[in-house]
Amino acid sequence: MIFALWLLPFAGALAIWAFGPQLKRLAGALGAATVLTSFAIALALAGQTFTGRGVKAPLVSWAQGFSFGLLLDPLSLLWVFVITGVGGLIHVYSIGYMSGDRAFARFFAYMNFFVFAMLTLVLSDNFVGLLVGWGLVGLASYFLIGFWFFKPSAVAAARKAFVINVVGDIGLMFGIFVLFAATHTTTYAGVFAKAGSLAPLTVTLACFGLFVACAAKSAQLPLHTWLPDAMEGPTPVSALIHAATMVTAGVYLIARCAPLWDVSPEARALVGTIGALTALTGAVLGCVQWDIKRILAYSTMSQIGYMIMGVGVGAYQAGILHFYTHAFFKATLFLGAGILIHALHDEQDVRKMGGLARRQPFAFWAMTVGTLAIIGFPGLSGFFSKDAVIYGTLEHGYPLLYAIGMVTAGITAYYMCRMLFVTFFGSYRGDVPSAQLGVAASTNPPVAHEAPSGHEGAHAPAWLMQVPVALLMIPSVIAGYVWFGSRDGPLAYGGPGSLWFGYFTTNFATRAEAVQAAVPEWLSTVLVLALVGIGAFVAYRRYAASAASANAVERLRAESLTAWRPLTRALYFDDAIELVFVRPASAIGAAFARVVDPQVLDGAVRDVAWLAGWLGREMRALQTGLVRGYALVVVLGVAGFLVYFAWFGTVR
Amino acid sequence: MIATLIVVPILAAVLLLLLPRRAEGTAKWIGVAISFLAFFATIGLAGAPDESVRWLQRPFTANFHVGLGHGLSYWIVLLLTLSTGCALMATNVPRRRDFVAQMLFLLGAMAGVFLARDLVLFALFWDLMLIPVFFILLGWGPERSNSAWRYLLYNVTGGVALLLAVAAYGVLEGSTDLIGASLGHGASVVGNGWGLWIFAGFAFAFAIKTPVWPFHTWMPATYVDLPAPAVAVVSAVQSKAGLYGFIAIVLPLLPEQVQAAAGIMFVLGLVALVYGAVVALVQDDAKSIVAYSSLSHLGLIVLGIFSGNALALGGAAVYVIAHGLFSAGLFLAIDQFETREGSRSLKRLGGLGARNPKLAGGLTIVALAALGLPGLCGFAGEILILTGLYASGNVWPAVIALVPIVLAAAYMLRLFQDVMQGPEVADVPQRPDLTLLELLALAPLVVAIVLLGVNPGPVAGSANVQSAVSLVQGTR
Amino acid sequence: MARHDLENGAEGARGLILFWLLALLLIVTAVFTVTQKSPVYSVVGLLANFVVLATLFLTLDAEFVFVIQIVVYGGAVLVLFVFVIALLSSGVGPFAEGPNRMPRALVPAAFIVLVAFAALVYGLVRGPLATAAVHPSSAPLGAAGDAGVFGSIADFGAALFTTHLLPFEVTSLILMVAVVGVVMLAGDAPPERTHGSHSPQVRRKPREREPIVKAGR
Amino acid sequence: MSPMPVDVLNYVLLSAVMFFIGVGGVILRRNPLIVLMAIELMFNAANLALIAFSRVYENNAGHIFAFLVITVAAAEAAIGLAIVVVVFRRAKHVDVDDVAGLHG
């Protein structure tokens, strides 16, 4: 069963890849069917998972200490649910979104392959298998970002994403080295059994390596720069890979390696700090974006910062809960945005939208629910999970991170509401010339010769795209209520000790006890809500109040042109990477290729060859062609031998 | 029976010349058939007992001793026959009858190198395998290129060093019938005075052949000038002769010297690893990229061999096979777009993937294996080598060796994307996609890449015993 | 037999006189051979030289070599020389010497030869041979057919066909190759005509014919 | 019982003299036939030394070797003369110095 769960999407990917042209429209249905079947199998296996230590299946053994197998335990089951459940819905949505694209079948082959890779990642029972999945999801992400590979920007974004992900891979490899050298095994069980007895430095080094991997995959500072560019991919890809599942692999890894983080305070501090800074940076950068997908991308980065902060400081349940709720509401947001983009013929700039609430009511409601969830509107899913993360930092003794988390919550409310107001309120600005709106030419050039999602083709029925979104809106609202249900009763507030969610987090039963926080939880919640309210109100005043709506075009233009340059340049991270790594590597390579190889190394050899040539030219004078001359030389040689033996010979 | 793996291809190469010059198709299929027959014969002969005929008695004992076992020799011969068959299948070089004859001779000579269990025999085949490559470079390489002579100059220098080392070893030891004999046999006889010189001779020959930095400058020129089927075999298998020599000869026979020189070899391997990767970043010729990436990858194998760690040694064995598979695949795929578009320049080509999805798919998989994508064969070797390296206490080499992995991703993606992706270039002829035959030529390599990536255990496993000999012979 | 005279009647002096006589003859004939202007005289000198040498072989108990020295050299090889001289002399002055293209080589050549010779003699005189005692032959005299006697034909034959069989057979191969080589070199028409009347079409070899293109393809 | 009447050194010295007469002939003469004859002289000188040594050590390997030398010399003479004939056919004139096609 677990093999079927794991390999069905792969079989689907192979079938679609091999028979894509023959399958035509069925490719999408086949892809969705395999993923949803996997989801059903996961449901069937759930009972088995919660009893005992999970479902296990051995696979192969490479060498001593390199034995691999599958493991489905509560933690991986939670991820499997999200991957196959949300993934299946996004597959269905994609049938509508991608209809008419020339490479329709290829898209589903890649998507199915991604699901397989992600399942490999979470089902592995060892670090090497995890690394295999880690690399394969990076590959799938690369394929899908560069899906429209005739766009140079997509190709560049794909390459960037892949290379940065490989940086993460080598971090993970380094972690494996350290752990293998210390424990001579790579399985989770083997490593964690010895986690307590390892030297502190070893654990910290291993955690550092693993966290480099997390930072690359989950877009944490300073390896986050690929995520905004990754929005070059089709929108369903952004929803599935760059919001709901793949980018949360880092959260999974840290949660999985909780026994290591538990014994390394340095690692906790490092990861918590990076997570908090990422959350803040993502939120700040989100405030100056105009591309709707980039806004969502920065918000993803920011939210993952929250999750990483949560699991990093030790509030594992809170971080995982945030992953869980985020998967739903961020998928809702992306898919809603996708409906807009689809309807507006690939317009992604919010300045050219406006007043869409009446034109696209379904998308409006979907985005509204998603926005309210993400900013933590009381009662919606994000409210519970974000609050849990922020308060968790305080509980585990990081007041500074707590403060950053609070501020970020306010900024999140500001930029998400800004997006919502600019997009749906006021009047439609699609007909206003770009220059008047301050839209720089060719920030995202439309593809000249082929419409990516092919609106000329037969339109798929609207319900294909709406039903999955509607199905995702429900958990966006209610997913947070798993936090209820403690031993005091099914509706009592349980928090980290809740019974329902506790099923998924049994791994952390032995976690270090939280310190008593200075601020009671209700007060903290009120403070957060106050900041959220301020943020939303500022956004309302600037973008949705009647004064703002009246001269929206001028205001947007002014804001576009006067934005602080470091922010529009994304705080110069890209430039720094280019300056510090890319340019020197190319320069050194060029120097080696043009100077060292031909001149120094080969030069030495060529000097020898030249010497031989010179000797040859000089000796040519002796080459008279006269046979007697040659004979004379032979005799000269004989004479030499004879003289030598006559004087030095030791013949006995 | 094992000897037939050597004799039959060489005989066939000679007999091919009896065919009429125009029978190019026939010659090609004979070549393909013999290669694949040899492949299956190798599988059938796995673990067969050695065969030995007395040869020289003076000045030292040397026997015509060949053996297959089921260790590294076995895997490399499988790789050799498979890559030769695949390379010949889709070839359409001019004067094909003569070309196939050269390739079959190469096949036989290289089989001899890997099957020889006697040092003199090994050295004999070592020099024999240079000859067809030299003639292919002369006959099929570009006009006015001196790469043939450069190839010969470098490799014959190495061959002479090898011969001297073998002779010295034979005189001191009394016998050269040693490859795969009991471990540590030679250590007691060859003292440190001569031992270092003998080690230097072997290491020099093997380092040139592999090549190890800084002896590599013949390699890019040779790889660029050789026609694709030949370069596929040369880079896949012939470059492994040096590494095989390190594993099968130097490690068991000269263990003390290996210990003494491990530091130097580490430095050379690391420099090759970084140097090759950095240079590959800026090349424009697709073949040059692969050539310099080979330099980088082979440096990694050298690290694995000299780490003195069983895991890393197993990883080195895996990577030897893996590199053979993906470099053969890369060169064949590059040839396929070169014959279509008439260029290998990254600046000039672009967007081929739109009309050649099969070719793009094939190139993707081999390029991914080359950049060490987890799940494919390159990764399996890489992680075993590096983990073993780190576990054996060589922390810094392992850490430095991580950097070229990122660079590998950068240059391999650059190769793939600049050729296959982006907008189509208007003035490049867009030819149709792969034919079935061309696809069949790549398919076995791709299948092997995936299989080895999923389970390299059989190749790596024989290193469980702490001895290189068992790796060669496969005895456990 | 001569052998008896040479060896048995050896109060030393006779044998010594015989040796010096033969040695003198040998040197004289050799010098005569290489100094004659006409090859015909040289051949005569060479014949004499071979016969003298054969006699010297006999003084060293080499009976079989003595025989084949006469038969092969004095018979076959010299006849070959004579034939060639006869063949070439039909032309016009084939042996008239042209300009000497190594005019200054005489002195250095002579010097080198002399040095080499001096070194050889010095080495021989100084070396172990000079002081080696002359071993008396312990072998009993016997008939030529006695395989136990050193130098007898039977002794030689036994060695040739047992211990040294392989080199013997290989020699036959060399002779065969020589025969083939001679036929290739001299047996055919002149390999290249400097002037001729054939048209290019006739001179072209069959392999170089234009390919025949079938109609309708 | 026959002591070898003459010291072996004399035979070897005689052989050396004859050899260098041949060498002189090869270097100084330009008539190819005489050059070939000089080469024959050198062969014979070598044979003389071989047989002399063979007598000293009472080992008939020297005889065998001389026999092989004679065979090879015969082959060499045949080839050499054939070459002379070919050269004569081409040039109608035979001089060693004229056959200088190997000049660099």
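For this structure, a couple of remarks:
Residue numbering begins at 1 within each chain, and the chains themselves are lettered A, B, C and D in the order written.
Basically, a residue touches a chain if its C-beta (ideal position, glycine included) is under 8 Å from a C-beta of that chain, and two chains touch if they have at least 3 such contacts.
On a predicted model such as this, the values are computed, not experimentally measured, just so you know.
The central chain here, found by comparing per-chain C-alpha centres with the mean of all protein C-alpha atoms, is B.
As a whole-number value, the distance joining the C-alpha centres of chain A and chain D reads 88 Å.
Once the centre of each chain is set as its mean CA position, chain C and chain D turn out to be 5 Å apart. Chain B and chain D have CA centres that are 52 Å apart. Put simply, the C-alpha centre of chain A and that of chain B have 37 angstrom between them.
In chain C, the residues that touch at least two other chains are 101-102, 105, 109, 113, 116, 120. Residue positions 624, 626, 628, 632, 635 of chain A each touch two or more of the other chains. Contacts with at least two other chains are made by no residue of chain B. All chain pairs in contact, by the document's touch criterion: A-B, A-C, A-D, C-D. By the touch rule above, chain A contacts chain D in their complex via residues 620, 623-628, 630-632, 635. Those residues of chain B lying in contact with chain A across their complex are 153-154, 214, 216-217, 220, 275, 278-283, 310-311, 314, 351, 353-354, 368, 371, 373-375, 379-380, 383-384, 386-387, 390-391, 398-399, 402-403, 405-407, 409-410, 413-414, 417, 420-424, 454-457, 460-461, 463-464. Chain C makes touch with chain D in their complex at residues 6-8, 10, 12, 14-16, 18-19, 23, 26-27, 30-31, 33-34, 36, 39, 42-43, 46, 49-50, 53, 56-57, 59-62, 64-65, 68-69, 72-73, 76-77, 80-81, 84-85, 87-88, 91-102, 105-106, 109-110, 113, 116-117, 120-121, 124-125, 129-130, 132, 134-139, 141, 150-151, 155-156, 159-160, 164, 167-168, 171, 174-175, 177-179, 181-182, 185-186, 190-192. On the chain D side of its complex with chain A, the touching residues are 23, 26-28, 30, 96-97, 99-104. Chain contact summary for the complex, chain C toward chain A: residues 101-102, 105, 108-109, 112-113, 115-116, 119-120, 122-123, 126-128.
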